[in-house]
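First subunit A sits with subunit B, and in the next complex the same chain sits with subunit C.
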Partner chain A sequence: MKKYRKVIEKFIEGVLFSSSTITSLTVILIIVFLFREGIGLFHSSPIEKNFVISVSKQNPVQQLNANQVKAIFNQDITNWSAVGGANDSIILFTTNDITNYYSEEELGPNLENLPQKLNDFIVANPGAIMYVSGKNLPKGFNGHFIKIKDISVSDFIFGKYWYPTSDPIPSYGIWPMIIGTLLVTLGALLFAIPLGLATAIYMAEVADMRIRNLLKPVVELLAGIPSVVYGFFGLIVIVPLVQQMFNLVVGETVLAGSIVLGIMALPTIITITEDSLRTTPKSLKEASLALGATRWQTLVRVVIPYAKSGISTAIILGIGRAIGETMAVLMVTGNASNIPHSFLVPARTIPATIAAELGEASYGGMHFKALFALGIVLFLFTIIINFTVEFIKNKQRRT
Partner chain B sequence: MTKKRLIQKIVFTTFGLISLMVVGILFAILGFIAIRGLHVVNWEFLTSMPEDGMTKGGIFPAIVGTGSLVLGSMVFAFPIGVLSGIYTHEYLKDSWFKRFIRMMTNNLSGIPSIVFGLFGMALFVNYLSFGDSILAGSLTLGLLTLPVVIRTTEEALKSVDDTLRMGSYALGATKLQTIRRVVLPVAYPNIITGLILSIGRVSGETAPILFTVAAYFLPKLPSSLSDQVMALPYHLYVLATSGTNMEQSRPMAYGTAFVLIAIVLIINTAASLLRRYLNKKVKMD
Partner chain C sequence: MIKAEAKNINVWYGDFHALKNINMSFNTNSVTALIGPSGCGKSTFLRLFNRMNDLISNFRLEGLITVDEQNLYSKEVKIDELRKSIGMVFQKPNPFPKSIYENVAYGLRVNGINDRRTLDETVERSLRQAALWDEVKDNLKKSAMSISGGQQQRLCIARALAVEPRLILMDEPASALDPISTAKIEELIFELKKSFTILIVTHNLQQAGRISDYTGFFYMGEMIEHDATQKMFLNPSNERTQNYITGRFG
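Entry: the complex of A and B
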């Protein structure tokens, strides 16, 4: 009987143990899957799968970088000599242009002559650059493919342009979003830190029990309102307000995002700060008061220094909340892909970009991979934040 | 009054006013949505399908959708979360392993919800081929809530006096018996309220369901776990930003926002009432 019970206890302990490993497992799986889907962006050609950029065999140009290709197709570069070729003007060609050169009869009812005509075209136009599907090219095609430099991590992070669907070469530069995310977060903190700390101090040190019991549920409710409702409120109320106040063309700005995010970060900052203020031992406070200090002096000289690490944790977690917030920001910041230079212009953030674009990106394509790579960046941001908090906690434990 | 006292008075009054402002912000949001949304909400709104490009009719499928997602995620997150909380708090001694598990749980709770959305899409929708489905959405939401449930459980267990445990051991009870007969009966009111509060959070999440389950417009009820559903928060997002006729669907948006807020209000109130009631009962036993 006793042995039987022991086995049961061991079994249950095993079940409990396995449950407790799930969070760790999930974190690991998140890392694995983000990288699995996102890492493919790097060290692969930026052109969509199966498509090629080709020039005539006689053309000496072998390799171009993404910006050169873009400039060529935007007609900023119109002569081959600008990219190291002969002095010959560039003729742009994509598959859709074929009907400008050949009639439908020539191409055949099911475009069966398309490969042949593509070849004819490149033979007739040695200065052409073609962006076509590799499947449509015939055997013995009279051209060679241009090698295009792979996307590097630094192109991705520091690239200034995000045109994920532009042809022939999309741009996956996330610098505007990094700046956008940080700027919106900074604005939110400028708003949330003073308000949050003041409220927390009031709740912990000034207000009597009755008022505190009224404030507590208010903070809990602020934390409980869904982010999409904040976004909706921001869209209907704060965006027009910002627009009128600063006389702007559009109210969807960094500032609107910062205000909404600031409100959303308040509960985090208030709750954690209040808890940490409360951990100050009574004896310390009473000693200070007994020495003739006022409550305010005690607060500034004794309580806040004692709760310093808790307050920093509160602010950092507030940052974490603001950086990762998706829906509210998506609805109020305007999602322009320029680098924002002030609080009064539209901007887009990393999470908002993922939410807005993943639905349109085809599974496994470059755009899809780029959005997962954005997810990796966001994940790294939060990991840094979490480890900072962890570091502060450990330091506090040791002292 | 000395200068010191005057400064204190000014500072504390300012802090009081700022706190009042925070209260004001909450009531501004609640009031605004209640005033514009309340008259939209009636029985028909809650129980009929959306019509005419979502400018008329109701939000019934979104309510059912959110309901099924909440249920699905809770079935997954509650048992695992509570068991995990019990293990880390009652079994694990302060060791590197406990700190590691704590750290991972904290990490998980700090990960933005949109990253959960990406993860859910990559793992459940694509890799495990669940497709856009209640199953994929529920599992994603369940993982998102897990840290909350674990922390709630741990907090509840922490508040149980250690003398109770010691007393139980002294009477010869095993660890499991102590947890079942002594610790949990005292801790369960706080665990349950925590669980209820996490329902509120799950019902309002949008980003994790965007790519795992949520349907833009689907005026029918789900019949299995592999169906897509509409959901309240996503429905509000659609109505507010991308409806075909945004001006005319505005009342629908206010109504949906009101329902979402009402859910949070009801859940928070229910949780605190239940906590009070159960704690009283535990004390009387």
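Entry: the complex of A and C
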């Protein structure tokens, strides 16, 4: 009997141990995966795999940076002299253009002459710049390749443009999204903090039991509503409201996102603040009241200072909820990738971008990696938030 | 001279009749101990004098409570104004998690007094009266949570003294303290009697005997006997008082 129980205990111990191990491993695995995919972006050339950018051997231009290449292919630069070459106009060439220069017979039925013809083309057109697959080039190709610098972290963070699919060189600048995310979050907090604190104070200190018992489930329900529903609500109610109130062309703006996110952050802020206000010992409130302080003076001078760290935690976790939120924001902010300079213009946020684009990015490609790198940035945001919460809690414990 | 009075007092918590027809009066500059078994209504009675019971939703009072002949429950009385003039010390030390200085200054601050000199003077005077000044004068900025329990309770007394109360109410102020701290509090009460009128609830009969001039014995919501402490302890006129004091119940 005793032996039997020992076996069971050992078994349960084993189950508990492996459960916690699996959980920890999963978390570590997710982080490793996120970083492996995301960091890959910074060790690769911004050009699609196997593709090359090449110019004629006669062309004195040896090097171009990514922006110059982009400008050339956007036809913002049309003459080699603008990038230090001869006064000669630039001929853009991608593989598809080959048929403009050579007939189908010349290329062969299965394009078996394509490499040869590509070589012929570069010899015949010293002003050309080619964006082609390296596999299609013959041995002894008569052009030289332009090496493009790898994407740097600062290009990624501070880059102003997010054109993840543009040829030949995509732009992965996330600055507009960082600003967009921060602005939407800031707006949400400007709206949610006063409202949330006021509601929490009302529930903890002012409302009688009956009203509180009514309010509490409502607030908790608010936390349980799926974010898509908030998005719909935002789209149907907030967006038109914002549009009319400010007389805008489109109502999908930072402000609309802020309001929707603010509403979503409210339950977190209210619940945690209320709980922490309630931790104020009755004896302290009584001491204050017995000294002739009014209920408001007691609230301001005793209850709120006592709950300070809980309130800060509530606000920061509210930020956390807002910053990582995807669907609702995607639906109401307009998803424009410009840098938002006010609350009344469209913007996009990091999570919204990931959600919107991950489906279309090819697995393992540059775009895919860039989205994972975005994920890292978001992850770092939330890590900072969590550390701040821990810091505040520790500080509270010490005093 | 009579400082405070309770006339025909009946108190209910909902249906529960907590105090039954109580009449007592308290002389100026005296210490009155309220004794009796737990749950007999001592705290309820004490808290009538600063209207702390008003915080309880099902509390109901009949009768008259006066301090300096002012009816504390008349319509003209503003509760927070009244409480500013009555000091209260609780069972467990309950300093605010603020500095020692700010604890003592609290009563003045909520009164709108923020003048530095007035505050400084009041803090020093109150701490001296509470026999705490010498121990904390160099650490006024220190958190009140960092001093010992006995010091905290004297700080709470100083805090109550700062507004120069007409009456001081103490609800078992030494019950959470060690014997040495308790002795200090008792000494302090003896000193304070010179300038204040004190009502003190205690479950410690020896303590009541040491510090009080008068003693009131409560039993199940009734005030059984109220007399000079000497007489109460040596020659009580009621049998139940006799039994309680000789330790036969309670």
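Just so it is clear, the second predicted complex is superposed on the first by the 380 of 399 C-alpha atoms of A that agree within 3 Å, B and C clash if a C-alpha of one lies under 4 Å from a C-alpha of the other, contacts with A are read in each partner's own complex, and residues count from 1 in each chain.
Everything that follows uses one rule, which is that a contact is a pair of C-beta atoms (placed from the backbone, for glycine too) under 8 Å apart; a residue touches a chain by one contact, two chains touch by 3 or more.
Values in this document were obtained by computation on a predicted structure and should not be read as measured data.
Taken together through their common subunit A, the two structures put subunit B and subunit C side by side without a clash. Touch criterion met: A:Ala290 reaches subunit C, while subunit B stays clear of it. Look at A:Ser103: by the touch rule set out above, it reaches neither subunit B nor subunit C. Of the two partner chains placed by the overlay, neither subunit B nor subunit C lies in contact with A:Ser154.
Set side by side, subunit B and subunit C differ in how many residues of subunit A they touch, and the one touching more is B. Contacts of A:Leu29 after superposition: subunit B is touched, whereas subunit C is not reached.
In the superposition on chain A, A:Pro351 contacts subunit B only, with no contact to subunit C.
For the three-chain arrangement built by superposition, the Cα-centre angle with subunit A at its corner and subunit B and subunit C at its ends equals 60°, in steps of 10. By the touch criterion stated above, A:Pro281 is placed in contact with subunit C alone, subunit B being left untouched. In the superposed model, A:Arg301 lies in contact with subunit C only, and not with subunit B.
Annotation: superposed on chain A, subunit B and subunit C show a minimal Cα-Cα gap of 8 Å. When the two complexes are laid over each other on chain A, subunit A has residues 294, 297 in contact with both subunit B and subunit C.
In the complex of the two chains, the subunit A residues touching subunit C come out as 281, 283-284, 286-294, 297, 301-302, 305-306, 399. Of all the residues in subunit B, the ones that touch subunit A in their complex are 4-5, 7-8, 11-12, 14-16, 18-19, 21-23, 25-26, 29-30, 32-33, 79-81, 83-84, 86-88, 91-92, 100-101, 103-108, 110-119, 121-123, 126-127, 143, 146-147, 150, 174-176, 197, 200-201, 203-207, 210-211, 233-234, 236-237, 240-241, 253, 257, 260-261, 264-265, 267-268, 272. Taken in their complex, subunit A has these residues touching subunit B: 5, 8-9, 12-13, 15-17, 19-24, 26-27, 29-30, 33-34, 36-37, 194-195, 198-199, 201-203, 206-207, 215, 217-222, 224-233, 235-237, 263, 266, 270, 294-297, 317, 320, 323-327, 331, 351, 354-355, 358-359, 363, 371-372, 375, 378-379, 382-383, 385-386, 389-390. Within the complex formed with subunit A, the residues of subunit C that make contact are 50, 52, 55, 80-88, 90, 92, 94-98, 106-107, 109-111, 143, 145, 156, 159-160, 163.
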